[in-house]
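Two complexes come next, and they have one chain in common, subunit A, joined by subunit B in the first and subunit C in the second.
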Partner chain A sequence: MGVSELEDSSRLLDEKLLLFMDQLALLEEKRATLNSLIEQGWFSMSKARYSMGNKHVSALQYASEIEPLVSVHARTLDNGEVDFCTERVKQKCSNEAGKDARLIEDIGPQEEGVRRRIKPKKDITEKDAREEASSEKVPEVTPVRKGDQNPQQDPLKWFGILVPQSLKQAQSSFKQVIELSAEIATLQTAVLNTRQELKHSMKDKHILQEEASAAQLDKEAD
Partner chain B sequence: MAGRGKLIAVIGDEDTCTGFLLGGIGELNKNRKPNFLVVEKDTSIAEIEETFKSFLARSDIGIILINQFIAEMIRHAIDGHMQSIPAVLEIPSKEHPYDAAKDSILRRAKGMFCAEDFR
Partner chain C sequence: MAELSFNVNHGYLEGLVRGMKAGILTRTDYHNLAQCDTLEDMKLHLQTTDYGKMLSSSEEDLTVSMVDSKLRENLLTEFSCLRSNALPPLSTFLDYITYSYMIDNVVMLITGALKQRDVAELLPRCHPLGAFDQMAAVGIARTPTELYSAILVDTPLAQFFQDAVSESNLDEMEAEILRSKLFKAYLESFHSFCKTIGGDTKDIMCPVLEFEADRRAFIITVNSFGTDLSCTDRSALYPSCGKLYPEGLCLLARAEDHEQVKAVANCYPAYKIIFDDPEPGSGFKTLEDRFFEQEVKLNTLAFLQQFHFGVFYSYIKLKEQESRNIVWIAECVTQRQKSKIHNYIPIFQLN
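Then we have the complex of A and B:
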């Protein structure tokens, strides 16, 4: 019985070791892809910087309010491993277009002609009021609608309305990097988990070996 | 709440942060601290370590991406992080390519084997 338990333990250990090696090999492969994609992204960004100018592709262009467009879900499995997966938020393109249309329509004074001013009524005639309204640049015109930044807008828009194709390629590369990062994070927890299991299996095997050798000694003594 | 995902944080040089922000991971609003740190030449190690620890303490961050050369500056803090969430991923930078021998996770996974383990 002791020998068969030892054999089972050794077999389990071999399987775990092979799994560990496979996971490490896969991790290395994904890492190489990740590093390659990141370098590709930098190269595209450098090309964009070359055409747009250094300061136009930098931290100076970050929006003042940003909402994340991608989130990661972490699910802990029964064996202690964690599964990470990314989810991308769908951007509201049609609403933005609608807002932009409204923005375009609303440029300029809402009211034509005389505007109300808080002034003494007795001294000013209606004609004077109209003249003032037409000649002065009114600072208090419409409520400011300076393209209010939508925090959920495509980050490409921080860098201008017309961005070079290289910047779009950079964005595409980094989007792939983000998805791959979640896979690598999952693999990392799997590798560490398998490593722990190997350690425990090794201890169990040593205990069984000691028991088996003690039993052998007892038999010989008899 | 069940459907709300976690954020991906990044600690890196300007190009790294710009790239990942282009990818859509950034969060910055008046109420909450940003989930990214642009490390420049004059950024102190204390600030980097404080930011890293603050990311670890936040329950809404699932993955932390960090340039490996920055990770080297706060290696003790990274080695001390044993939990699965948030996961810490070391990534290369323009001037410092990725070195697997320095990666905390891989060192933990590989470094403890000895000849006896394979008997």
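Then we have the complex of A and C:
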């Protein structure tokens, strides 16, 4: 009886260990992809600067108050893991935007979703900036906008209408980065979770082993 | 006949510009710069060139943006030296060179104002060669007509506003259209000015400006795919002083994808090479890169003749390319992307 329990416990431990290793390998792979996408994005922006002029792709081209186009939803699952998923804010149709325009009220920095992070690297900008992994659910705030501004604008347009290919490539790299960072955050919590489970299983197995060896000694003593 | 009278008014300045041309960075200089690991190393290497102590004078941390600003200031110093001693018609010619920078500055100020950026923040970033008195007021205008009648009417840019006036609000699309229309008028005006000067200036400058006109037509077309700019709007932006006018421009106006643009380019031998697929083994070059290369080739030809104004234009354009090269190398160094560092365009190959 004790032996089969021990066997089960060992098998469970093995499975957990393999899962842990798989998750770690996946995490490393995703991190490597993330790093290379970010490098690619920055480099494509440098190429765009080469074609357009250094000061035409810089902090001057975006406003100091921006609304995010992507929000991150965090959801705690039953097993303690946290699941992060990204959601693109849908394009509003024009009559809805008109209704909102009546609520014109400058309330300062807008708390919709997660604020964009601007990387303070020299004076280069990052469109669709990465949000931090641990964010709260998006509050149901009616978006307040200034009158004649188009709220859901493609950030690519900040740099002009006729932008070179390299800038479009930079944008798509950074978009992928956002999706990937949510996946990595989820995976990280899963990895930590698995590690905890691994520890518990290890402890359980030790207890069972001690019981089994104690039972063995008793038998031999008899 | 120009050989007999040119030096009376312009000989000193031609001598000056040829002296400055000798300071353009060579392949060895670029090779040394590409070996650097930090911007500080690059600063040291640049000290051995004609740039001298340009970067050493500032107290702030060295960034790529700062390198770019210093290179611009350097160009401004050299240009002012030429302009302040110039007599007509060279003075008008040199002024024409500055108008393209002015147009860029105007559009940057407008788009900055759209983003509620402070004028004090925008002005230092404007190109110094395109500075004019009324710059600070540009951000106030709401429509192109207002911009013209209230602010730019007393500036040299006023002459380029015939087609560009409109009552539509200045948003990103209108700013882009304004830029292209002003530039079109400017290029056509410059082209006819060079034609009136005649002689070697016309022989050197007109092909260069025609290339510029065609380049703009191609780039506008290619970059407009996937945007809100319609074909009809697009065709109004093409300068008409190039080789593509009129048939090529009609075809370009109707093009809807890259293949159709390539088909148009294939009708013109000079542009066929630019749009051709690259040889296997050579690094990938963007369309803009190839146009820059061709521009450098055309501009170096100006120095093979004497007693004309083309050397001044070509010198400015070649120095601009040099700035782009140095900034590119600086970006590769700071981002540790050494594999692409050799994508700069060396200027005088046989140095």
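Quick note on the criterion: the second predicted complex is superposed on the first by the 160 of 222 C-alpha atoms of A that agree within 3 Å, B and C clash if a C-alpha of one lies under 4 Å from a C-alpha of the other, contacts with A are read in each partner's own complex, and residues count from 1 in each chain.
The rule is simple: a contact is a pair of C-beta atoms (placed from the backbone, for glycine too) under 8 Å apart; a residue touches a chain by one contact, two chains touch by 3 or more.
Predicted model only: the values in this text are computed from it and were never measured.
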Partner chain in contact with A:Lys157 - subunit B first, subunit C second, else both or neither: second
Which of subunit B and subunit C A:Val72 touches, first, second, both or neither: first
Partner chain in contact with A:Lys219 - subunit B first, subunit C second, else both or neither: neither
Partner chain in contact with A:Ser166 - subunit B first, subunit C second, else both or neither: second
Partner, of subunit C and subunit B, that touches more residues belonging to subunit A: B
First (subunit B), second (subunit C), both or neither touched by A:His56: second
First (subunit B), second (subunit C), both or neither touched by A:Lys47: second
Partner chain(s) touched by A:Ile178 [first = subunit B, second = subunit C, both, neither]: first
First, second, both or neither for A:Lys90, with subunit B first and subunit C second: neither
Residues on subunit A lying within both footprints (that of subunit B and that of subunit C): 39, 42, 58, 62-64
Footprint of subunit A on subunit B - complex, ascending: 4-8, 14-30, 34-35, 38, 62-63, 65, 84-85, 87, 89, 91-92, 94, 97-98, 100, 105-106, 108-110, 112, 117
List of subunit A residues in touch with subunit C within their complex: 39, 42-43, 46-47, 49-51, 53-56, 58, 60-64, 122-123, 148, 157-158, 160-166
Residue ranges of subunit C in contact with subunit A within the complex: 63-65, 68, 104, 108, 111-112, 115-117, 121-122, 125-127, 169, 172-173, 175-176, 180, 219-220, 223-224, 227-229, 286-288, 324, 327-328, 331-332, 335, 337, 340
List of subunit A residues in touch with subunit B within their complex: 20, 24, 27-28, 31, 34-35, 38-39, 41-42, 45, 57-59, 62-74, 76, 80-82, 84, 86-89, 151, 155-156, 167, 170-171, 173-175, 177-178, 181-182, 184-185, 188-189, 191-192, 195, 199, 202
